[in-house]
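Each of the next two complexes has chain A plus one other chain: chain B in the first, chain C in the second.
Now for the complex of A and B:
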């Protein structure tokens, strides 16, 4: 049982990287489909399409960031060796990972849909690029807030 | 600063100088023609002829651009093109080029190639279809002419049917053959166990039996296939023939493709120049006319910036003494376009306003107001001194290498040049240099880094969160004050107090009250804050019930308005993204350094892998973080800041200019 804490912490890190990554993959995929459709008509829109397609990718990075944060906190990175965690501390770290894991997962999917819609928009109105970028960014707000929550929670958890 | 003052110009002139006047207005690049309906544009007949000739040429140019450009390999990289590495030409040179170029001949040649390519492709796909049909008919032992033409006495047909029906068909034909020996059923090899498989079969029969055989076959489920009449020999002979013809056609196809590529290589640069030339002419003659006042006098109306008026007057009066230019200020009923007129420092930020929506002519230009905030926010989001140096250096290199960058593009790049400075500053005070590069790899510099650090998001994020939210409050309150100023300017005194000042008092009051309560400010600020907050809340409460006769509804409206304070809470918390994104870039940088550090432990090649990981990783990190650092501060401007006072809704000033899609075109 003395490894339960470590396992819980790792489980949290895995969820943060995996769920947020899955969300970003789906979001980018959805937006990419729309981008490819627009580019068959007008290949010159590659630049703006790529920017809009990349927007839902940040959640995956946020998830990765939290996962690294956890690994660093429990001493699995670098040569120092894992710190001792009781199950309580492990559960706390696990809980800290949930905001970015869940919000990252879902917000990336919806951001991808908004990006796809924005890509359709610039197909017809290329001059509306500013607005097209802002609409998906509205969705990302909640991923940013979740990232912040996860970071603050993780910093608050006392280990070692 | 702000929206430039425009003049409305009415220019009367004699028909004979129309061409020169139109050219002068276009070359000045500072006149936006006030357009009129096409019916009202009465051009002199020679100009009309010139315009229709121009449009005719434009059609050719567009055809050639569309057809040839995909086959054109530009020797200059497209990035260089974007940064202004394009031919410098003048209209006079292009006029000469246009007279020497036989566009029609190029079009004809291109059309001929296109036409033949189409024919070759049709033949190719026919031949390929025949080849695959031949493969299916391989079981047929006789020349195919038996099926396609028949002999004097015999005819044939081919088709497919399900394997389970083969025996039925055999039996049915067998019944017939008891009377007539000259009927034969040939079936391709098949697997009797797979009942649903489609099997190819052919029947040869006496011409006299044709209708009966067809009836039997249909009844037994054979669906006929049309064998093209060109197939006459045995399948092997025919295959050989078509394989040879495919090779021939393919050779011709690639020859045509290379002809098209050659035509493209030879003509596209000229076509591009002419595209700009004819587009410029079409713009010039298509736009510049408003109405025909008298038999020989013409009138053109346009907007122009007040400070350009003298220059235009001189140019026009030099063309002909018989012109009359009257300039007037926009009348109250006019809706002039808006031209943002900001100095070198603020101008790069114009694009942020234009991306949202241009201000109205009489509205506020928000650019100078948002510029400092965007600059700070971008710096906090990217927040890394190393990244800032990379961005700054890259841009300086670009500016040194490319001297002809178009002004709009140059301003956009300059925006990032400016923001790299704030990024550097925040990177230094938050101790981030390529993430934690200094701590990881150059420990000797750690004391220097630490000495310069004012905030430490890694160990004390609450401090940076506080700064972020404080900046948010300042940003929002500034927005409210601008809104109040805008209302006062238009004499809406009560609305300014009720809508904007009241909220300003409430929120600033609450902030003072809160910080004083936590002991961060001296105690007497508590009373000031409380007084401000109460005053603000009372005004909001009363203002919301204004114009509502029913006392209960007054009260309800008042409370609902106060409930609106939650949206301010949301707005303020939204600024926490400044911490989160800055944190994001710092930690991504840290992760990259960590991976590099781990890689360097690999024996022999470790150092190489580490270098690749660190350089590649940081380039990736810069790209992804610049995107985030641009988008999120922009959102804070558009949603939180503009939400308080700015709606845009104006029309941007778009002067008549020479077309510069492909070349740098001068008058």
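Now for the complex of A and C:
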């Protein structure tokens, strides 16, 4: 049963990094398509497009952060060896990873779409760059909330 | 390539579409030299040589279509826009041959052929003159022999034109249907309605017999040809009210407002063009709606139409106020 707990915790960490990372990759890809279209007509917009394209990348970073947090919690970082986890503790860690895994995955895709729309907006109105950043940043709010939830839940899990 | 890329690129290209302020300045030009100078700042300048503005305007539209075909995922979207020019070319070629067969040696008018069609004009000319229609798309393989039969039987060029127009709209519906894009199909249906109403307005002004008008109207629109033909029996001022249950009904309001027939006709025609742009305008707010391609082409076509109106007014010294009235909305 000790191995089951560890496996569940690792599975949670893997999901947090993988799903949020996949979402970010898709979101950045969508925004990148729009950026390429705009820059074909006006290469001078590279700077603005890059900022907007990078926004959906944060979810992948949040997922990675939670994965590190879990690895640290179960003792797999630092070389001290894994701590003993029962299946119940493993399940708690797994559940803690779910907010950022699911919200990160989904919000990154939608943030990518919003970023693409914002990139199209600055193609016509470059002076609206400030507003263009705020719109996709609103989606970010929910990724940050999910990150906080995952961190708070992980901090509440007692191991060792 | 995805439509996210396509639409983003179109948004960039929209910045080069000339706005109403430019056309207002163009209209104010003292003469054609001033107008050509104003065009020097635009993409049209690369095509202008001498005073052949029509050719320059066509070249600009053709270059736009060819550029779009390079990056639009579904070429059918551009084909829907270009297809009417193919049918225009078929009309020009057939009418020329009708005249030649009738004994007019100079009947052919190759100068009226448009390069904007999807079929190369030389290939189309060759196919029609050698009667080898096998490779022609859009149902032209069957249509052209039918046109010849009709001509031989009736010598009625207008009836042949209507036969060609009927097939054109059928072909547009086929292309739109094959794209599997409901909004594009809806636009084609609205275009058929607009064309039917345009014909109805003209026939109404000529006091055409409603019982004989049905062949002038095309199938496939939201309004049944029968219903459009019935309008002819009613005063034009009431058409807008009769069609108030449809989106297009309001467009006919100009018929009731103006006592000036010439102005009312141009107002309705302009309103119908604007209506066809409005049908697609919802796509403006989508970052990946394919209809944006068609919307861009229509906006470009409106720009070309405005350019033609402005240059004709300036070159011909025509009434500028009437010219301004003919300008369509285009880019805001």
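Going forward, the second predicted complex is superposed on the first by the 160 of 160 C-alpha atoms of A that agree within 3 Å, B and C clash if a C-alpha of one lies under 4 Å from a C-alpha of the other, contacts with A are read in each partner's own complex, and residues count from 1 in each chain.
Here is the rule we use: a contact is a pair of C-beta atoms (placed from the backbone, for glycine too) under 8 Å apart; a residue touches a chain by one contact, two chains touch by 3 or more.
None of the values given here were measured: they were computed from a predicted structure.
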Overlay on chain A: chain C relative to chain B, clash or fit: fit
Chain B versus chain C as contact partner of A:138, first or second or both or neither: first
Which of chain B and chain C A:35 touches, first, second, both or neither: second
Which superposed partner A:119 touches (first chain B, second chain C, both, neither): second
Which of chain B and chain C A:155 touches, first, second, both or neither: first
Residue contacts on chain A - larger count, chain B or chain C: B
Which superposed partner A:51 touches (first chain B, second chain C, both, neither): first
Three-chain overlay, closest Cα atoms of chain B and chain C, distance in Å: 6
Chain C-contacting residues of chain A that also contact chain B: none
Interfacial residue positions of chain B with respect to chain A in the complex: 352, 354-356, 461-462, 465, 573-574, 576-577, 579-581, 583-584, 587-588, 590-591, 594, 597-598, 624, 627-628, 631-632, 634-635, 638-639
Chain A contact footprint on chain C (complex, rising order): 1-2, 4-15, 287-288
Complex interface listing, chain A residues touching chain C: 30, 33-38, 40-42, 113, 116-117, 119-120, 123-124
Residue ranges of chain A touching chain B (in the complex, touch as defined): 51, 54-55, 57-58, 61-62, 64-65, 68-69, 72, 77-78, 129-131, 133-134, 137-138, 140-141, 144-145, 147-148, 151-152, 155
